[in-house]
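What follows is a group of structures, each given as structure tokens.
Two complexes follow with subunit A in common, the first pairing it with subunit B and the second with subunit C.
This part shows the complex of A and B:
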């Protein structure tokens, strides 16, 4: 070995400085890997067919070939263009972001997972990069230098993975100085994917069922009737009071619409019984409808057209039955639709009257346009006017905290009413920390159609910030009950609590209202609606 | 034990380096965020790691009392069990402590011939890894249990509503 060769050999300390890790690629070059537990199963062909949606087929995200239609690039390009022309907000959101980073650490999925593509700014970049390439001069000329990239099958896979990792909760938009609404970007991303037949079954099956039978589970009118009568029997066993179940009653004053989660799955069923008991006690002239048997609207997680299609039945049924106004139950995304879309999509509801409480005379001026009142406004008003006899001591076994559901809190601003009701029906109420509630509330991790069991790992990642705050009040105040007013929350927060704060159970608010409600002529109650002994009635 | 005194003296440096190594497993954007001394509710992963690592390390120096050490491990592993890690990656941070100690105390160990002490402490870390593996499995089993419960409850309530099941009611029970 010559001396010149020897001098080329690095010194020991140079060896020490060698990084043993390969350089990381830029985000555009990191392909998506579909691991069990982190993605939702694709929409079944039968569900897309009945809705007349394009490219129905059997496929799986783990397949190499997603069986895209031959002209898929043109379809996306056209779809993109169409939406940029139609929705000015979309065009604005594509252009306006300055990457200030205010949103970056606000997404529950990023906070829980650490996956940078869950930072809202980067989630939006998934679309923006393609937008720049196809629709901006800079992007066309400069390519990657201008943050633009080609649309490839891998980009489509990435869209599917990450737009179904956004629960459209809109927490990030609270912090964006420009008001960019990432939920709307996700909605556009999902609309584009649907043009290629790429949806998830946990959203599309409810949509198909809703379209065909009227509710997410495809419960038929007689099944709906049976279910409500079944609840009435349970109520009679507990209170000794036989209550009516008004169904499709023409000329009733109020049409009551609630998500099917309320009458299908525990613990929503107890909340449903709560509404029934409250309405009976008030002697309310109301009706359920077997046609408008679903307040939820998974069209919101599909496309604007689908929101409108599924929502149309609400006003149609109000008109058919000749009611004066509409009252809606405890639900989350249902209220984003009712509050922000229903009026312009299927209104004007000029055949209805200004909602007025027949008990207190309160005119709900805030609903002048939609004619639909949130039950929490209705009940808070009743309590404010001292129209309910309540014994909060019956809920003394509950140490309660309240989870603001994303849509009522951020899309409607219903912040104080649920708290007012809870404080009046139970004696032990503790708030979670300020930066996890109200407008800043953390999502349950399972909204926007993601609450399915095959996606549980991802839901628990996204649910960590919420679970972490629940665990804090559990340790500090002994909280054992998490109250919420959303049917999806009532289902998805159960696993979140079970994993992050075991021992905390989930409840709807009207379940607690009904337990505290002292009804005229009731027998001495010994159990709550769950059949558990009331405090002081334990054997 | 001379090594123990050194490990105590250097606790701040060692736990900081250990934490850095744990965070290296995440993408740089996430590592940067987790590293911030943020609010415990805004940055729960970072807060848990930053707050737990040093006391956890000090507890380990005292011995390997599974009851005392498990809560620390649980808080860290509960998070890693649902993140994008393979099982080995999720518990590998326990072993990285060996590397940290070797690097941080390389000179002292060599000069003062502390290899026997080091071997003993290595065995303690090996045992710790076994406890970590148990906790990791408990977390994963909990996830499977939650998933089964979710599906079972859904099916059960459907059957009940459809009047397809007739279980033993309280009335029947009283007659018996």
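This part shows the complex of A and C:
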């Protein structure tokens, strides 16, 4: 993200001159307009070809003709029926909404854009209207009066626009009296679109890369090794300690998997260094894998089948390397996949053992089937057992607040572990307002594959509620660091903060852990992992 | 459009039964045939809808977690908002179904000029929803006195409490009043909150008008155009004992009431009112957040095309060897 891109966005007061009041004409009469900055570029043909997905071609959302397959109507109808038969969630959520509107102002995209079709209820109605026409008696007989409409190319365009203006964050589902989950709706909508060859490149290029090279960024094995060794050098410069980088090591006790964002771009890299320092200090018998070099899974933003195709390598690699269990790094959507899908899709993991901390002896009973532990569970357990020497004073220059990432909060419930760790590694921690954290947390605005620069206008709109809450604690407590445990957040919250709460930087939690971690035999540290002087060590 | 259509529909329905009974003397049709048909439609319809949903499997355990997971023993797990066992799920569902837990969270966001967001409480929808559903249930239970002989004492007691303020003769039931007030609120918010009006369909207004019609006709025939209550009971007992009979001279308001109830019953299975059954089946609420403890089985899990380690190593073997990364095949 360059600052020039941000400078194309008007000042906040002008940017937010929006109305939450819907227009006069009904939503079915308002055609979709692809405004620059509010949509993502389409998936390139080469990426769809690698994955064997239908209708690969070059096209643009602003084209009149989207070059849909000839029988596109049948494809959608069949795909719709197939999914109604396979997913109770989908069928139920098509039928039982009472349109009470409680979800409307829970969506960050609606709050930030005012576009009524970003109200979760209307996002679902985009599908329901077609469902009624094709699958219900009332819709067939009464048509529009029953909220039904014909499937037309314009409807497909509308789906594409709005199902890629939802980050599958599930905040609305917390407030819905029937638990209707828009993530489920959006996932189905995107699956249907993919049947016609309609996807976005920011999701499909990572998926294609991940399929072939093991990670979203397409980093090949030697590149992966170079990167980690480069981090090891940095760590040596800062701490004086030389650390190992175990790679594809057979017979290691633990396979460590983290999103590629952690070793690709700042500030994720500092968190990655944090893991490496922690594992070295513990003398942990672990290994990285070049094949399973991606914890994230953009399949989640594509289709259920794609989740499974990409996720398969985690257990496969754990089996090949003969590890006992799997440890996972700081990531959001990755943990939705690991927690809610992996075991069902690619399990049972009966070749692994009950995850047990070699340092504290704690058996992670809550992972006895999946055999995968979240690093925040692992580190919280270490701190609780006094196994780490921590000097939180080294983080005294940080006044920290914590952003709960959507999936860990609402698809896993890992809420106290990160807070416990943060409280132990820094001295100044302040929560954002209650209805913007924990299960009510707001998305960064760029999850679910939308974190691309061409979509910046919409990302900043979606990031407004989060940015607004950060601004609040910035003004009230002088917060200057936004901690999070999600690789997408670490990329997308940077522009959100730069725009909505300038002066607040983004950090992973294990970056702060590593800064506070007093390692055996370390030299006197003068800087933190970012190379900034430690408090009291300024020139 | 949906609003006027729905209002018109309910007015027409009322007119139809009025004309039918008053002019056409169709007491038999509106007193027996329609209620039986409506009730049968209701039962068969509701069951087939629920069975229809249940026929689709739940491939993944997609609980929406609204509280702390169960993980380390010293971290207090929230077994209601993020249930990790069946007991927790039952508690969560009970709160959801009986007290509308999720709706209770409702907030309202306001965009201020600077720009800044301000959040406020928004409990009216929850309160009105809860008041409406509970009073409806009370009214339903109260009506059992028409279908039982002798009337169980508990029912008498129940009606006694409901009429405790002893206003008017016969006494005004609190439940009826609460129901009418709350359903009116639910209607008015649909009209006056722009966003809710924007999303509202005929299918949202119609049941509201129907229920208002049912409530008003009930209120009117109890307190204003009095009908012969003993004859009403005779008819009701005839219906439930399958010895149907039509007592003479019950009075037209009763037939309007009965017909609107019949329409509501028959309409129920085809409408959003099925949320009554659906709420129990919602996978984000009725599943435990024990995903990593207990494997969830997907009945249609099928093999997919993956990129195996062997294929991966075949492509990158030389580079891996050059970088000193261990390989399977030298």
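Going forward, the second predicted complex is superposed on the first by the 516 of 539 C-alpha atoms of A that agree within 3 Å, B and C clash if a C-alpha of one lies under 4 Å from a C-alpha of the other, contacts with A are read in each partner's own complex, and residues count from 1 in each chain.
One rule holds in what follows: contacts are C-beta pairs under 8 Å (C-beta built on N, C-alpha and C of every residue); 3 or more make two chains touch, one makes a residue touch a chain.
None of these values were measured; they are calculated from a predicted model.
The superposed arrangement places subunit B and subunit C in clashing positions on subunit A.
Once the two complexes are laid over each other on the shared chain, residue contacts for A:38 go to subunit B alone; subunit C is not touched. In the overlay built on the shared chain, the residue A:420 is in contact with subunit C alone; subunit B does not reach it. By the touch criterion defined above, A:100 lies against subunit C but remains apart from subunit B after alignment on the C-alpha atoms of chain A. Contact comparison for subunit A: of subunit B and subunit C, C touches the greater number of residues. By the touch criterion defined above, A:464 reaches both subunit B and subunit C.
When both complexes are overlaid on chain A, the residue A:233 reaches neither subunit B nor subunit C. When the shared chain is aligned, subunit B comes close enough to touch A:456, but subunit C does not. Of the two partner chains placed by superposition, only subunit B is touched by A:499; subunit C is not. In the superposed pair of complexes, A:384 makes contact with subunit C only, with no contact to subunit B.
In the overlay built on the shared chain, the residue A:368 is in contact with subunit C alone; subunit B does not reach it. Taken together, the two complexes place residues 104-105, 111, 116, 119, 226, 433, 435, 464-465, 468 of subunit A in contact with subunit B and also with subunit C. Remark: subunit A residues 24, 35, 37-38, 104-105, 110-116, 119, 217, 223, 226-227, 230, 264-266, 269, 433, 435-436, 453, 456-457, 460-461, 464-465, 468-469, 472, 494-495, 498-500 touch subunit B in the complex.
Residues 12-13, 15-16, 18, 20-22, 26-27, 52, 84-92, 95-102, 104-106, 111, 116, 119, 121-122, 125, 136-138, 142, 145-147, 170, 173-181, 184, 211-214, 220-222, 225-226, 247-250, 290-291, 304-305, 308-309, 312-313, 316-317, 320, 338-341, 343-345, 347-348, 362, 364-370, 372, 377, 380-381, 384, 409-417, 420, 433, 435, 439-440, 464-465, 468, 471 of subunit A are the ones that touch subunit C when the two sit in their complex. Partner subunit A is touched in their complex by these residues of subunit C: 1-2, 5, 49, 52-72, 74-76, 78, 81-82, 84, 96, 100, 102-103, 105-109, 111, 113-117, 119, 125, 129, 193-204, 270, 272, 274-275, 278-279, 281-285, 289-298, 300-301, 304-309, 312-313, 315-316, 319-320, 322-326, 328. Chain contact summary for the complex, subunit B toward subunit A: residues 26-31, 33-34, 38-45, 78-79, 82-84, 139, 142-143, 146-147, 149-151, 153-154, 157-158, 161-163.
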